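After this come two complexes, each holding chain A, first together with chain B and then together with chain C.
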Partner chain A sequence: MNQNEPVIEIKDLVRKYGREDAVNGLSLTVEPGKCYGFFGRNGAGKTTTIRCLLNLLRPTTGHIRLFGRDPARDEADLKARLAYVPDQVAFYPWMTVAETLEYLGSFRKVWNQDKLHLLLDQFQLDHRKKAGQLSKGQKVQLALVAAVCAEPELLILDEPTSGLDPIVRREFIQTVIGAYQESDPGRRTIFVSTHLISEFEGLIDQFTILEKGRAVMTLEADAARQTFKRIRARFAEDPPVIDLPGLLEARQAGRQVELIVRSAGQPEKELAQTYRPQECVVEALTLEEIFVAALKPKRMPNEATMA
Partner chain B sequence: MLIQLNFKSGLPVYLQIVEQVKAAIASGILRPGESLPSIRPLAEDLRINRNTVAKAYAELENQGVIETAAGKGSFIKDSQTPYRKEVRRQLLAGAVDAAIVQAYHLQFTPAEVLELVRDRLGAFEQKNPGHALKN
Partner chain C sequence: MKPRWRKEFRALLPGALGWWLMAALLVPLQVFHQAGTFEPAWWLAVSVLAAAVFGQEFSAHTLERLLSQPVSRRRLWYEKMLPAAVMILLIPAVIILLMVLLDPSEILDPQFRMNFGLIAWRLFSVAVFAFGVVPWLTVRLRSLLAGAVFGLFLLNLLWVSLTALVSWGFPELGYFATVQQFEFSIRVAPALGCGALGYLLGCRQFLYFQVVDGRGNAGLLSGMAVDWQWTRGHKPGRWGWLALVKKELCLHQVGALAAALFCLTCLAAALARKLAPAMDAWLMAAPLFLYWFILPVVIGAMVVAEERSSGLLECQLTLPPSRLQQWIIKTLAANALLLILGVLLPTPWMVYLDSCFSRDSLQGFGWAAYWRTVPGLFWGAAVAMLASSLCRSSLNAILLTYGAAGVFLLGLMGLQLLHATTGWFAMLDFAPGRLDWLTDDGEITGRLQTVGIFLLAILTILVMPYRNFRRNESSPRRALLQLAAAFAASLVFLLIYLASC
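Let's turn to the complex of A and B:
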């Protein structure tokens, strides 16, 4: 395999349920070693896409490659190279934690026992406890232990932290970074679907925002934070109606104006030169704020004041 | 040293690490010969991709700020900077330009800007005795 071959390649994916389009022409590429965020609201098509990746669903049309190969043709080989933590994890309730891990490990070529014990300790998971008696958080932890011990080249996480308490979430993400990326981080790729974006803010290298089965936006995280800006300006008099290239949203309160702008240039400079505010402060939007801005209909101050 | 990321700064995450390490050296929090945290704990601590930390350390190594000994970690180098004066001048000019843009927005006069620079130099020397800019 070519070292730089994409780990995931999706082209023009369409998946219909009856007449409904769950995914409607999605394309994206995930490079090795990256953590790729797959953001969307509930029902945007995230899980359907992941199910297509795993060959749990067949695409209606379009093209999917994992490690350059077709998941429908090379399913077993490809599944040996990835691990998947679904949003609803389920285990046989009568098995203990130890039995569950032994069972899951029996399907794997690689099974790192040292890591397993380390993580069970870290999560304080009792290996004698029945899976049916675990809390939701503990079940997710158990699924993560199983995923990490297999040392897969690709880790697919579907809404992994929703419904978990903040401490468990933190541990979850630290485990993904620490234990999963332990060896050969250049070949430890993460594909995470979530709407709890702020938790993954630092981990995400690149992301796609999905809405109604289509990619609304695909960007590098650093580039996104450099492009989406919030400008707060204060004027001496009533603020003028401001129009800047890339203006997404404007709010006004008295002599203050807050603008959300998508621009690779220096919109704050343009604002200062054209409209001469008394004061002007710029900050980057976080990924979560970018997500909200990307999905919100455009709103302008004159419409807002008329309402 | 404690690194704190600010996602609202608009600065790429790896560059925030680079700049904070350099600032820590300039202010004496990190001294030549001292080690940087290793990649895994720092990545876990900041909850960022290990590759991002690795990229920051590679950049620091490129700039001659740290050196990495295989299996031992990364260490702060002696402050002998490998850059020629002209390159160093350009790097600093970039930072000064950013401050000038900000000064423009905040409506400072050139004289006020220069006065503030003198003021801040004094504050730096007072806060970090022994690490004053050298003549």
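Let's turn to the complex of A and C:
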């Protein structure tokens, strides 16, 4: 594989269930060494896309490449280079933790035993305990440990941290997933579908927001933070009806107005020149706020000021 | 042994051990010497084991993980099917070995050798058929339970069709020099052929298998995921009750499909008789026996365990209706369905059989026997409900019910043996002459008394599953204990009745 060849390449992916489109014309490219966020509401088509990537589902139409190769044709070779944590983690209930890991390790050529023991200790997973006796969160931990120990080039995570408590979640994201990527920067790629966007805030390099099977937005995380802004403006009298280019949402509380704006320029200057507020503060949005702003129906400025 | 092979053997081991044990118990009773009597049990054994090969991945929700591992699907298929072949084919091998070991002198007898060869072929051909066809059905239907039940019915359908073919095309031994050749050509070879075809279809099905859930064809049983919005959207009242009833009826899809398969088998048998009027009467009655053998247990086992295994039970218990109300609806819906599917549906078939054959040719399977069996169906469903209330999956409940019933029957046979040898049971006069309610000549009052005994037993048994449902605990050990108590209670009622006759 060429060093700069995309790890994941999806073009015009369509996947139908009967007449319903689960994914409808999705295109995205994931470069090597990136942490790619795949966001969307429930039923937006995230899991379907991931299953198409892994050849667990056949696309209706469209083109999918993993490491430049067709996952339907080179399934086993490609899966040797990736690890997947599904959204519903399940193990054979009669196996112990140690047996489960031994079983999963038997599929792999690379299996880092040192890291395995380290992570089992770190997350206090008893290797003698049966998988059927593990809590939901412990099962997720076990799945993540198994995925990381295989040292894959691509880690595909579908809602990976939904069952974890906040402490373990943060620890896992920062110390395990972050460390996994940093141990071989430029080669290790993460493709993560999650609702807990704020937890992955520092890790995500690029993201796509999916809505009803279509990509609503694909942006670099830094570019997104520069594009999406929150402007808090205080007026001396009752605020006027504000209409700015790229205005997504406006909320009024007394004489203060809070605006969410998508603009590559400097909307705060335009606001200051046109409406002359007493005070004007600009903040960058978090990825979670950008996600909400991108998918929330637009509120008209006059609605906002009338509120 | 490699972990993957070990896992595959381990997954099938509990079921296989159970069947080996059963075989070891049945061989000394010479059950396998008579073709026909053991066959439904044998079909059940191999169908369940063959369905477990892929069915366990569905019930444990591990198939997605397995398919995402870096191994080709063809290799995964072989890694699952080879241990399955060993485990399934070992059962007939164990039976045959035990038969030889228990009476080695009989091997010298030419008649025994001929019968023995027939038995061996029948055992192996059914095993090969199940090994090929049932995994295909399981992957196709995405369910362990559906795979096992439909595999069982397909075996029955094949058996009926082949016997009809025998009666139609080859009424006499005719072209065949020996009975073995006849048996092999007409029964065994097609079974092996179907097995091979099923194997190829199953392999193809698995190679192109797609992991789908939530939004479309998630498999046959996904329909049981019921319209919860509909259920939740109604306040407890008139419509809330209706919603629960609707949900309960949706839950029993497998029972309804088993009924549809029974109708198809009956149609096939009726058509076969048109072609071959000399067809054996018992063969015509066999689909009904098999249907009654399966239906009450399947319906009873689905009542709680199916919701528990799909994770719906907790949601169900948070609904506004009380647990008692929910239990009453569950029990009534299951029994109403059993009445419709198990009693009313087969009645036309019984009318047809009665018009076609004399009582002698039906070997005692007349109307009296028919109506006598009906309370037994409800009793079987009640026992299965008890198992269902404590098991984590419907299949566990089904196996536990059959297993416990098998042990109970063996116990009864032991009692009879004890009576025959020591007269220990004489105080109850447990002699065939006293059991007139078991014959067609029994008085109507005797039959009503029988129904009363069954009713008492059913009501006694149904107290326990309600208690379990209210507590929402699953424990196989407790299930075994409670099943033993249920059988003991039934036996006590029976003995009291016999003593009072």
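Here, the second predicted complex is superposed on the first by the 296 of 307 C-alpha atoms of A that agree within 3 Å, B and C clash if a C-alpha of one lies under 4 Å from a C-alpha of the other, contacts with A are read in each partner's own complex, and residues count from 1 in each chain.
Please note the rule applied: contacts are C-beta pairs under 8 Å (C-beta built on N, C-alpha and C of every residue); 3 or more make two chains touch, one makes a residue touch a chain.
A quick note: this is a predicted structure, and the numbers were derived from the prediction, not measured.
On the shared subunit chain A, the superposed partners chain B and chain C are arranged side by side without overlap. Of the two partner chains placed by superposition, only chain B is touched by A:Gln226; chain C is not. Contacts of A:Ser106 after superposition: chain C is touched, whereas chain B is not reached. In the superposition on chain A, A:Arg41 makes contact with neither chain B nor chain C.
In the superposition on chain A, contact is made by A:Leu57 with chain C only, not with chain B. With chain A used as the common frame, the shortest Cα distance separating chain B from chain C works out to 26 Å.
No residue of chain A lies at the contact with chain B in one complex and also at the contact with chain C in the other. On the chain B side of its complex with chain A, the touching residues are 5, 7-10, 12-13, 40, 43-44, 46-52, 54, 101, 104-107.
Chain C meets chain A in the complex at residues 2-4, 7, 10-11, 56, 60-62, 64-65, 67-73, 75, 208, 210-212, 214-217. By the touch rule above, chain A contacts chain C in their complex via residues 17-18, 20, 22, 43, 47-48, 51, 54, 56-58, 75-81, 84, 86, 88, 90-95, 99, 102-108. Across the complex, chain A meets chain B through its residues 33-35, 170, 173-174, 177-178, 181-182, 185-186, 199, 201-205, 221-222, 225-226, 229, 266, 268-269, 272, 278-280, 282-287.
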